[in-house]
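Two complexes, one shared chain (chain A), two partners (chain B, chain C).
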Partner chain A sequence: MRETFRLSMAYLHTWLGLMLGFVLMAVFFFGSLSVFDREIDRWSVPETRVQAGAFPSFDRSVKPIIAAVKPDPESVEHAQAEVIGALPPPSALKAGDIGVYTNHRDPVLRMYVAFDVPNKPRDANLDHVHVYGFASVDPQTGKRLPDNLQERLQLGTGFFFPLHFMLHLEWMDLGYWIVGLAGMVILAALVSGVVMHRKIFRELFTFRPEKARLRSTLDLHNMTGVLALPFLFVITLSGLLIFAGLYLPSPTTLMRPLAKAQELVEAAGTGLPIEPSGRPGQLASVDAMMANAKARWAAKGVPGEIGSVSVIHYGDADAYVSIARDNVDRVATSETLHFKGTTGALLYEDPPASGIRATEGFLYGLHFQHFRHWPLRWLLFLGGLSGCACIATGFLFFVEKRKKKHAAAGVPGARIAEALAVASVTGMLLATGAMMLTNRLLPVNVPGHAGWQETVFWLTWLATLVHAGWRSRGTNNVGLSPAWGEQTSLVALLAAGAALANWITTGDTLLQTVARNYWPVAGVDAILIVTAVAASYVAIRLRSRRESAAKAAPTKMARPAHV
Partner chain B sequence: MRSEYRENRSCMTRNDVSHAGHRVIIGPLSAMNRFAAAIIGGYLFAYGFTALATLAGFRVGLPYSEAQVLAWMLGAFVYLGAILWGFVPRSTMQAWLGLAGGGAAMGAAAFVLSRWTA
Partner chain C sequence: MSDGMLHILALAAAIAGMAAFAFMIDAHWRQVFGSRKQTALVRMVAKLCGAGFLALSFVLCTLADPVTMAILVWPMLLGVAAAIVAAFFTSRHGIDRRVDG
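Up next, the complex of A and B:
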């Protein structure tokens, strides 16, 4: 029974890993990039390459902007699909909730307005459907950023970050579900991976780079998987928890009457109104509430910059203002203060978190990473990349182990898997590099500037798949597909090209940004240069290996005895 | 698929192989069925479990929203266990019955019990 169990775990590990590994690769890679999303934003929108500023005056800067925020056409389209009957014209929609937020890494204040929609939702489980409008504010001047700047694609928060949790597949939330399934699969792969191996502790310290390639690939797969296992497990679990309401809605769907009744009970306990009163009300000074919040944080001895301000039921007599601090000093999310909108009096302060809430807050905070701790931030980045290394070596091992047999049997399985692996490893890097290069070289006044960058990303990725498939076609040899080396050379070119293009278009070189202590851009350029150097080295190694293999042919591949 | 499975076996030591004379996952259709049982059946199991665990937490005195958060965290582990377990029973039907059946039973229990005393 024990051996049968181990075998079923090995089977599951191999096949689920292969099927979802392609998705996981993208989730981990773009998740790793999202650790530095604000920094990538600065790199991709050079006009915002300024130091992060403090939260500006709400009364003078933010409030006048609210009335000018228009419903986002895309959001109107989404909402229309979710409600019964035609929506009122966008100009007739009334602002319901306002949110304004920033953090210590962000020189731009982000703002959204949630417009109330009078229509009934199609899905009875939805309480409200909102239409959103967005604005960005320069905290230095307190002015709204010009439209042409707001429409610019911020590669970090605007593209890589959403890609890592929903793959930009919005239809039926398909992307979220695929990523969620991939998340469950990596948890299953971690557990089954440990079960498969008896000598897991010895493997922790085993890496034999000079042994036959298959053996060292497996060593690296085990080493990255086992060393990073706690990180991989917790980061996946926290990611799943963030979308738990979407993935496992059963507490509200199956037990709706109880859930609704308890929502009211809990809200009554806080004194915060769930629904607006319907009577208009004048919003008191939010600046005064912010000062009040800061004084309370100072009295507690915690760092007290404002992280977010939201106004719920804006314009209503029952409006309230929730203020949270930018929790730079801890991983977990922090407690929020709630003020009465019309008077500015403190309505409610979140109580100290219970054990469950504290665990939730820690897991959320670990994933959203708003803390100010650069070594930890880099560790999380490297942890994500080690996840990528684990997945990539898993592909390689799968492919290399089967290649000979498949070549002998005349079946294309291993070659197809290899082409997919090439596209999901080097192809993904190429798509990212091509997008960054386009971001720097495409003139900003070209219509559809943002759309073009996305198109280049997807088309490049598709092209790498076609290239990998074409290069592996009919190659009945035992070695690696030549596509690996060719795409790796291109990665080096594109990464160096992107750093160069940044210099040409903005005048920022690594030396200057380091000298200026402007680390967001210096960091991105440094990573690009490191990528270019590493990819060149790998490409050269791959080429020399191919050449020596061609000379030495037809020798037998060394094959470890028990693999 | 059978030959794939053999290769997979070769990943184990010789010792393992001798114990695995009988295996059940043969052919692509039956493999697909097994994956579906683990993933979809496992999901239904976690779906029912999350509701019932929320109710249980609430009944022992947790605020509903906290019981729900706890159930979600446990639900991830339960789903993980369900996926792994889905590959264990000799017959795929058994995996389907255990997972989807168990999920339906827990979901129905949560549905009824949450309305009963309320």
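Up next, the complex of A and C:
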């Protein structure tokens, strides 16, 4: 009974892992990069390579900009599809809510204006549809950044981060659902992996690289999976919980009347109006509200830099301003202070979180990682890469275990799986490297600058799949596909090339950025150089192993059959 | 003491704890002590030392950071410590093989 259960778990682990491992590889790899998304942003948009500054004056730097923010054409198009009837012209839309935010790692103050839309939403479960406009402010000078700079693709927050949780598949939220399914699969794979592992403690510290390839691959798969098990489990669970509202929408669909009633009860308790009054109102000094908030945080002895300011029902007599801290000192999101917009009086302070709220805030916070704790940030990055290593070695084990059998039977299964594995491991690295190189070399005045970078990424990834498929075909299921080595060599070239291109186009070398203590760019360059060195080492090892195998093969063939 | 130093000490304690646990495993014991017998008492001492050092590592983490942060830092440090101990035994295995061979 016990063995049957273990075998069932092994079957589940193998096939679920194989089917969604390719997605999980991308989710974990780009999730790891997203730990340093703001730093990658600085690397990819050199004009923003300045030290992060404190939240600037709202009254002097933000308020004058609000009227100048125009609805984003893409957002207008998106909103049009969600409402009944034609939208009013963008110039006729009125600003409803304003959001301004930054953090200690971001030298850019980001801002959005949510414009009210009078049309009824097509989806009866939606209260409102908004059109959004965006702006960025330099917190050092308080000046709005030029539009062409704002439109530049920030590789970290603009591309790698969304790829991590929705694969850039927006149609019907398909990407979110695929990633959610993959998240459920890895939870099942982790549990089944623990069940099927007979010697989980006895082999905890065991890696035998000198043993047969199958054994050493399994050692590495077990070790990376078990050592990072708590991290892999919690990070996956928290990721699933973040999108629980999408996966389990009953609170906003089936239970909507109850949710609306609850919203009204809560609004009555907090005094924060759900809807605007319709009467115009003048916004009081937000700077004074910010000073008030800082004084309250100082009295509690917590770090008091402003993280975000939101103005709800802007221009209305019932407007209110919500101010939250930049959570540098804690994992969970912190409580927010709410002020009456027209007078600046404190309306409501979020109470200390209940047990459930605190748990939710902790899980949310550990996934978004807004804290200032560099050792922990690096540990989480390593945890993510450990997940990638676990998935990659899982692929290798699957392929190696079946190669001989499939070669004898003349079926291409292992070969196809290997081609997909090559594309999702080295291919993904190549696509990332190609995108970073393009980011540095493509002149910024080229029309569709952002689009070209994305195109290079996807086409490179596709090309690596074609290459892997083509090279695996020639192996006839014997030995490692040469695509591994070839693509690893290219990864080394592209990583070194990206660091070099950064130096040529900006004058920033690793030594200079370290000397200047400008760690965001120094860190990205250092990782690129380490990747180039590690990939070169692996490529040389793979090549020498392949050459040794090629030399040994004719000797074997030359032996008389009876020996 | 600075937070950085506390983190380094926490990692050192975690490595010591993981190493003590590793010595409870026959194969790793033999890698270091050869044919010397591993008694039940030695196993018990290793177990207690392992648990003690890991607990010390957690205390050091809580001294460096708030508890809500320390409960994230500590398991991540344990993973790194276990990987370092595993790397030690892997290299030791390689050296032994070369010497034997």
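Operating definition for what follows: the second predicted complex is superposed on the first by the 549 of 563 C-alpha atoms of A that agree within 3 Å, B and C clash if a C-alpha of one lies under 4 Å from a C-alpha of the other, contacts with A are read in each partner's own complex, and residues count from 1 in each chain.
We take it that a contact is a pair of C-beta atoms (placed from the backbone, for glycine too) under 8 Å apart; a residue touches a chain by one contact, two chains touch by 3 or more.
What you see is a predicted model; the values in this text were computed from it and never measured.
The superposed arrangement places chain B and chain C next to each other on chain A without a clash.
In the overlay built on the shared chain, the residue A:L16 is in contact with chain B alone; chain C does not reach it. The angle formed at chain A by the C-alpha centres of chain B and chain C is 80 degrees to the nearest 10.
In the superposition on chain A, A:W519 makes contact with neither chain B nor chain C. In the superposition on chain A, A:R330 makes contact with chain C only, not with chain B.
With both complexes superposed, B is the one of chain B and chain C in contact with more chain A residues. After overlaying the two complexes on the shared chain, residue contacts for A:L254 are found with chain B alone; chain C is out of touch.
Of the two partner chains, chain B is the only one touched by A:T4; chain C is not.
Contact with chain B, but none with chain C, is seen for A:L240 once the two complexes are overlaid on the shared chain.
Once the two complexes are overlaid on the shared chain, A:P375 sits against chain C while remaining clear of chain B.
Between chain B and chain C, the smallest C-alpha to C-alpha distance in the superposed model amounts to 19 Å. Across the complex, chain A is touched by residues 3-5, 7-16, 19-20, 23, 25, 31, 35, 38-39, 46-48, 50-51, 54-55, 58, 62-73, 75-76, 79-80, 83-84, 87-88, 107, 110-111, 114-115, 118 of chain B.
Touching chain A in their complex are the following residues of chain C: 4, 7, 18, 21-22, 25, 27-28, 65-66, 68-69, 72-73, 75-77, 79-80, 82-83, 85-87, 89-90, 93-94, 97. Residues of chain A touching chain C in their complex: 201-202, 204-210, 223, 227-228, 230-231, 329-332, 362, 366, 371, 373, 375-376, 379-380, 382-383, 386. Every residue of chain A that touches chain B in the complex is listed here, in rising order: 3-12, 14-16, 181, 184-185, 187-188, 191-192, 196, 237, 240-241, 244-245, 248, 250-251, 253-255, 257-259, 261-263, 265-266, 354, 356-357, 359-360, 401-402, 405, 409, 413, 562-563.
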